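Chain lettering (A, B and C) follows the sequence in which the chains are written, and residue indices restart at 1 in each chain.
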Amino acid sequence: MSLRRYALAALASAIFAGSAVAKDYELLNVSYDPTRELYQDYNAEFTNFWKQSHPGDNVKIQQSHGGSGKQARGVIDGLRADVVTLALAGDIDEIAKLNKGSLPENWQTRLPDSSTPYTSTIVFLVRKGNPKGIKDWGDLVKNDVSVITPNPKTSGGARWNFLAAYAYGLKANGGDETKAKAYVKELFKHVPVLDTGARGSTITFVNNGQGDVLLAWENEAFLALKEDGGADKFEIVVPSLSILAEPPVAVVDKNAEKKGNAEIAKAYLEHLYSPAGQEIAAKNFYRPRDKDVAAKYAKQFPKLDLVTIDKDFGGWKTAQPKFFNDGGVFDQIYQGQ
Amino acid sequence: MSRRISPVIPGFGLTLGYTLVYLSLIVLIPLAAMFVHAAQLTWDQFWAIITAPRVLAALQLSFGTAFVAAIINGVIGTVLAWVLVRYTFPGRKVIDAMIDLPFALPTAVAGIALTALYAPNGWIGQFATDLGFKIAYTPMGITLALTFVTLPFVVRTVQPVLADIPREVEEAAACLGAKPLQVFRYILVPALLPAWLTGFALAFARGVGEYGSVIFIAGNMPMKTEILPLLIMVKLDQYDYTGATAIGVMMLVVSFILLLIINLIQRRIETPS
Amino acid sequence: MSSSTVSAASAANAARRGSPGSRRTLIVLGWLFFIVFLLLPLLIVVSQGLKLGFGAFFDAILEPDALSALKLTIIAVVISVPLNLLFGVSAAWCVSKYSFRGKSILVTLIDLPFSVSPVIAGLVYVLMFGAQGFFGEWLQDHDIQIVFALPGIVLATIFVTVPFVARELIPLMQEQGTQEEEAARLLGANGWQMFWHVTVPNIKWGLIYGVVLCTARAMGEFGAVSVVSGHIRGVTNTLPLHVEILYNEYNHVAAFAVATLLLILALFILLLKQWSESRINRLRASAAEE
């Protein structure tokens, strides 16, 4: 009798333990182009972290990378992302708006720092020795300077570039919008090639030898230096003023719930804010939010004045239509030429 | 002359039926979905989108470069098909085997490779730089990319027909005193023209819509080197599906009309009155 | 042998092959076109792929993600090419053996996928089967995924390669006319016998060309597949998409190595075609001798 009860209890606990322990997770993170190296490292870190508290679980994290807008469109059209980690808040806003019920409109309030666990900024990459003597935005419109930047219509990074230039135009002209527009118009006269993505521009600048200066994500510029022989050929110039690029992250609730990943997806993003997550971001040349980690890597990231999208441009909901949609400031630059 | 079924050859109903069903499922219904989507626009909105200056500039560029590339292919392709079929020479088999490779090469790779070749510091581009002009990032670069991507079309449509022309016909003509040019004009041209036109039309149509290989070499400057498919991408990135489908519909209609004209010309050649 | 027959024969030969001078010019021209427009770009790809030696080349193509991309590409080709072959034969048959109202329109519709931008070719399936598409809700309710999964990739591949076989066969079959088939029928062959014993031998080369082109293009398609793939590494990436991913990872050597692999695969198929061609020719020659 007692033996039988014991056996039953053992069986029950085995079943219970089994269901609590051996879970298989397949998490899909839909991200933009320059985060490949970051998430490669982070996924390994997170898998370890999760296994510490959930030994026996199998965690497989799948990655999808592409242009930020294109990736957002994929999720809108049914790509089953558990989490999105994109270049602009505007792209996640569109997911919330167009794919009804995928995530709430106020998604950005669910995690600290407006759901942006790491930041970056826009800097200049110039050829070794800086032959054209480029120090700041004003130098980009000098007569013989040619500038490489991707197309803001198709590249999220290029929109940050554009806004940084515009912010400089405003500051240099005491806030005069007309003069700021004139500055960016002049700047784009110095652009011979508009690639569709940030990496295309990097290739044009690095491999095909076009242009004197590349406007790039800070992390991309560091990466170009790290590439074979890059440090011998290029150097980074930090302008007096730039923009705080804030790439956001969010759980896509509808997909995560459907796949039973709600809990792990949330943990995945939260762990980005942990010291370990922040350290990985910093190692991949993203500016960490965490004060201690930021202090540790302070030497790596030069100090400069940074405008922000929310304070200076009224958020993406205002900036996107004003600057980049059809007929916006960017289109006006090329009209009537 | 209405529908005429050859009395002794069977299979008209079966083949036509299968052709139509397959074509509808794979091509026509999905394309109709695009038309339905674009139909959310009023006619005025549609017209405003497709007559915007940037769209018109891109239209001119896309169709212009595709046309020139198809002409270049018409010449190169015919020469290649001719030497491959008619002559034996060192390397013939190598060329013959490699003609189709542009199809197998992902278009993006083709674009990157061609840009490396024709960029101002590239293998060929540097000579152009010395002569004072640019190939990559100009319409010329786009044309070259399209020529590469569509190269197999003319060769592969002309080649089998040329190989199929019976030797006796030309020999007989020559024995009857026809000069080589006359043989060419009166025997070869009529036999080859339908296939040549097909190859030309296909190369042209494919060139108009090509995206992957062109965006790397084009430079993508608004009003100057911006192709139509890129404008579709731009619209999509603004979540403007209707705008994107409007340009898609316009491209499709223009290409359809051009292809139809070529196919009609072809039929007139085949059935001389 | 009189001198007049000799001169007639040489004239016949000249008509067919051209004078030695023009022949040489054309061959040189052919080589030149081939080198400039085809060989150089391909050389760039291969030289970049082998820049760091064969070790790096094999590392790139034997990596698990590359292998799963290869597998997906082969699956897509194996499904789409036979379907398009069947379509091509049937379409070429009804277009070239009969005349009917609307034939030009049908032929133009067959060509249409060539003129549809790859971007659009992918987009139409998203408009149909995507979450916001016409069948989106129904598919979601039944948990069926078409776009961003294998079915979407196969559909996009079929779409861009629909016309190849048909396009190769139509001019050939038109050129050949219907006499031989009619003769076979009058001699008592039934439909299938006529098709297998008269038509197929006649269109064999066009058929093989068509399949080869179709296969090459199906392997290399990038734009349309890119729209419907979702780019999930190791899951929905075909080889061309894997090339793009590697390229975007600054891994140029690996990107071009995988592109070289695609070229080698294509070349293998093309050589297979040539080998079968020469083998059949030899068989035919030996049969003629008996």
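In this text, contacts are C-beta pairs under 8 Å (C-beta built on N, C-alpha and C of every residue); 3 or more make two chains touch, one makes a residue touch a chain.
Here the structure is a predicted model, which is why all the values come from computation and not from measurement.
Centroid analysis (C-alpha atoms only) places A farthest from chain B. Among the inter-chain contacts, the highest number of C-beta pairs connects B-C. The distance from the centre of chain A to the centre of chain B, each centre being the mean of the chain's C-alpha atoms, comes to 39 Å. Here the spacing of chain B and chain C, counted between their Cα centres, is 15 Å. Contact with two or more other chains is made by residues 76, 98, 203, 207 of chain A.
Within chain B, the positions touching two or more other chains are listed as 112, 116, 233, 236. Annotation for chain C: residues 133, 247 touch two or more other chains.
Only residues 1-6, 8-12, 14-16, 18-20, 22-23, 26-31, 33-34, 36-37, 76, 79-80, 82-84, 86-87, 89, 91, 93, 95-110, 112-114, 116-117, 123-124, 144, 147-148, 151-152, 156-157, 159-161, 163-164, 167, 170-175, 178, 180, 183, 191, 194-195, 198, 201-202, 205-206, 208-212, 228-229, 232-233, 236, 241, 244-245, 248, 251-252, 255-256, 258-260, 263-264, 267, 270 of chain B touch chain C when the two sit together in their complex.
The residues of chain B lying in touch with chain A in their complex are 52-54, 112, 115-116, 119-122, 136-137, 215-216, 219-223, 230, 233-240, 243. Those residues of chain A that touch chain C in the shared complex are 28, 33, 36-37, 62-66, 71, 74, 76-80, 98-99, 197, 199, 202-203, 207, 223, 227.
Residues of chain C touching chain B in their complex: 8, 11-19, 23, 26-27, 29-31, 33-34, 37-42, 44-45, 48, 83, 86-87, 90-91, 93-94, 97-101, 103-120, 123-125, 127-128, 133-134, 155, 158-159, 162-163, 167-168, 170-172, 174-176, 178, 181-182, 185-186, 191, 194-195, 205-206, 209, 212-213, 216-217, 219-223, 226, 239-240, 243-244, 247, 255-256, 259, 262-263, 265-267, 270-271, 273-274. Across the interface of their complex, chain B is touched by residues 67, 69-70, 73, 76, 94, 98, 151, 153-154, 191-196, 200, 203-204, 207-210, 324-326, 331, 334-335, 337 of chain A.
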